[in-house]
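Look for chain A in each of the two complexes below; its partner is chain B in the first and chain C in the second.
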Partner chain A sequence: MWRLSRGREPLQNCDNCAPVERSYRIPLPALAVASLVLVTTALALVFFVAPTDADQGFSQRIFYFHVSIAFTAYLCFGLGAWKALLHLWKRDPNADLESYVGIHQGVIFGSLVLLTGSIWARISWGHWWLWSENQLVLFLVLFLFYAAYFMLRFSVDAGPQRANLCAVYALFGVVLIPVSFLAIRLAQRFIHPIVFTRHGAAFGGWIMVTYLVSQAAMIVLAYTLYRVELSGKRLDARLRELRRAFA
Partner chain B sequence: MTTAEKYVTAAYCVVFALVLLYVVIIALKLQRLEREVDAFATRTVPQPDEDEEREPAQVG
Partner chain C sequence: MSYFADVRALLRKDLLLELRARDTLPAMLLFVVAVFVVFHFSLPDRSSDRAAGGLLWVAIVFTALLGLGRAFVPEREQRMFDGLVLAPSDRSAIWLAKSLATLAFLALAEAVALPVFALFFHGIDGTTVAAFALADVGICAVGTFVGAMAVVTRARDLLLPLLFLPLAIPILIGGVGASVVASPARYLAFLALYDVIFVLVCWASFEYVVTE
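The block that comes next holds the complex of A and B.
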């Protein structure tokens, strides 16, 4: 079955469901510049403007990137699950690859959350890791669940079956996101700090500004890396298609 | 430099190093793709033959 795609996309054969170039409103170089400006501004705010926390001291400065990266990882996993749903629901030929790249970004940002969190735990708690903390363990479960996604993907031959299996797996994983986020609030005993309560954020002023800029920086950085990786993967897929056609 | 300052610096360096590593891996992959496209183009696009006689054309 042939269909006319949106925007710049060429005609494509949906039976093969080969990924094609999508048109985006924001060009990649503009995103890269925005990422650089935002990350630099965030670092300047973290180290030169934000006040030192009275309770935790200098180590609290890890929070700005640690929390921002954690939310970005959740967003990436959510994006991966959304694209997986689009693949199963609307049979969007781009959705499988986009879901895969979204989850890949989530795993990269997830590993950063675990690393920065461990460094913060070492300063504040005197331990690199505490198995008694629900928030930590549930985030690790979420991370390992999505890390196992790649084992599934690379153990099945490319094709519609692999795309369907991966989409179902990505959708199951999204259930763990609210569980991981709410674990700290549902736990009876906890030592992990809570910065977002039911009544809003537990901070304001320059701390809030620094956090918001850091959050924006991480989201834009993740989106830039997502687009770069997606372009590479699409180019790779198109080259493989061409090789097959000319073989 | 206090211990807390060392750990905070280490945390930000870890973030920077991991993102940099990712960018390097993607750059290497794009380089490989570029080489493959060049090799593919060399194989499929016919190269102009230098010995081939050109047909005379009227000028003016």
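The block that comes next holds the complex of A and C.
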């Protein structure tokens, strides 16, 4: 519709319009092996080494996954926003796809946060959903927000305008996260005055080690998945270019 | 000063268009009154005033959504966007003028809706009015922005609520909080903070929505 350039070079003016392959320092197979090892170690630590919580018992072990997945999801959303900024600022031709894949991983991990949080809430407090759990509610809002990102992306034709719209929306996301967090904390005061406080064992020793290993496992896993999806999407784009060239 | 002259010219165009065609504001007014009637029948007997106060916010957000959905329709139907974007002015002026126009419509709709609400349900205090004034700024700024995004997509009207409502949740929290608690200063401050942050973000990034 609004086909107006901003006075710079068009994004893809080469003959072969597929995005240029970016070279990475760590090869994908090495990443896959690393995430396998880390996830296995984390599972072993969570189930066999970490002490059982005095208050909540065995079910508290889901904490190691829930919290590390939540942190990883924030990282993915942050990565998506950072790549969006690179697209708008430096006009990096790879950044649009990378931003999309980052947010896609964020939504996958965000859904896992909702799932694990829901299971934990059910076991600890007897309800599948608790509006008093700030993090869960925040992830629900973010899930709705980023689900709309996909609706937006798939209802615009691929091209520079779609890249711009998606980048701006992704940047809105990182503004929305702290604002929503603040809002949800404020909402507690008039919707649910009772706040569950988690006073468990001190955060040290094996608990700390297990948490850090699970956190590292989730980050490496997310990055591996990000790279796998990215290479798949790039292959797809190149294949489409080849088809068009031979047609 | 030419920036504000541009904004004024664009705003004047939108207001004049509405004055002559009258297709947004009457629809918003009818909609909000109809929603109040629906609310009356969906609130069971002896439900609290607080519930009605919360529903007022829902009604206003949906009414705003109705107006926002119409905001960029004239530009789209008359294929005017290319002209606007080509005009030798800052592109954010387009967003600012459109936000001010929708703000004017929303404020007029509320000028009718709040007394009607007071008549149908219960009285409204000054704090709630102040909260609405602050919330309107945020609703119109963000709503116009995502409205400009939605209008270039294939899904159009379908997409606007999906893009807008997650962004409007903090506004609802601040507004409902200010209406129901005894000391609303914190919530009003939050609404003001939301306005400042999102007005700045929208103003700075609108250029990328309309250009390639």
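Here is the rule we use: the second predicted complex is superposed on the first by the 201 of 247 C-alpha atoms of A that agree within 3 Å, B and C clash if a C-alpha of one lies under 4 Å from a C-alpha of the other, contacts with A are read in each partner's own complex, and residues count from 1 in each chain.
The definition used in the following text is that contacts are C-beta pairs under 8 Å (C-beta built on N, C-alpha and C of every residue); 3 or more make two chains touch, one makes a residue touch a chain.
Just so we're clear, the structure is a prediction, and the values are computed from it rather than from any experiment.
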If you tally the residues of chain A touched by each partner, is the higher count for chain B or for chain C?
C
Could you say whether A:L165 touches chain B, chain C, both of them, or neither, answering first, second, both or neither?
second
Would you tell me which residues of chain A are touching chain C in their complex?
1-6, 88, 141-142, 144-145, 147-148, 151-152, 155-156, 159-161, 164-165, 167-169, 171-172, 175-176, 179-180, 182-184, 186-187, 189-190
Residues of chain B that touch chain A when the two form their complex:
2-5, 7-8, 10-12, 14-15, 18-19, 22-23, 26, 29-30, 33, 36-37, 40, 43-44
Which positions of chain A touch chain B when the two form their complex?
43, 57-59, 61-62, 65-66, 69, 108, 111-112, 115-116, 119-120, 122-123, 221, 225, 228-229, 232, 235-236, 239, 242-243, 246
Name, in rising order, each residue of chain C that touches chain A in their complex.
81-82, 85-86, 149-150, 152-155, 159, 162-163, 165-167, 169-170, 173-174, 176-177, 180-181, 186-187, 190, 193-194, 197-198, 201, 205, 207-212
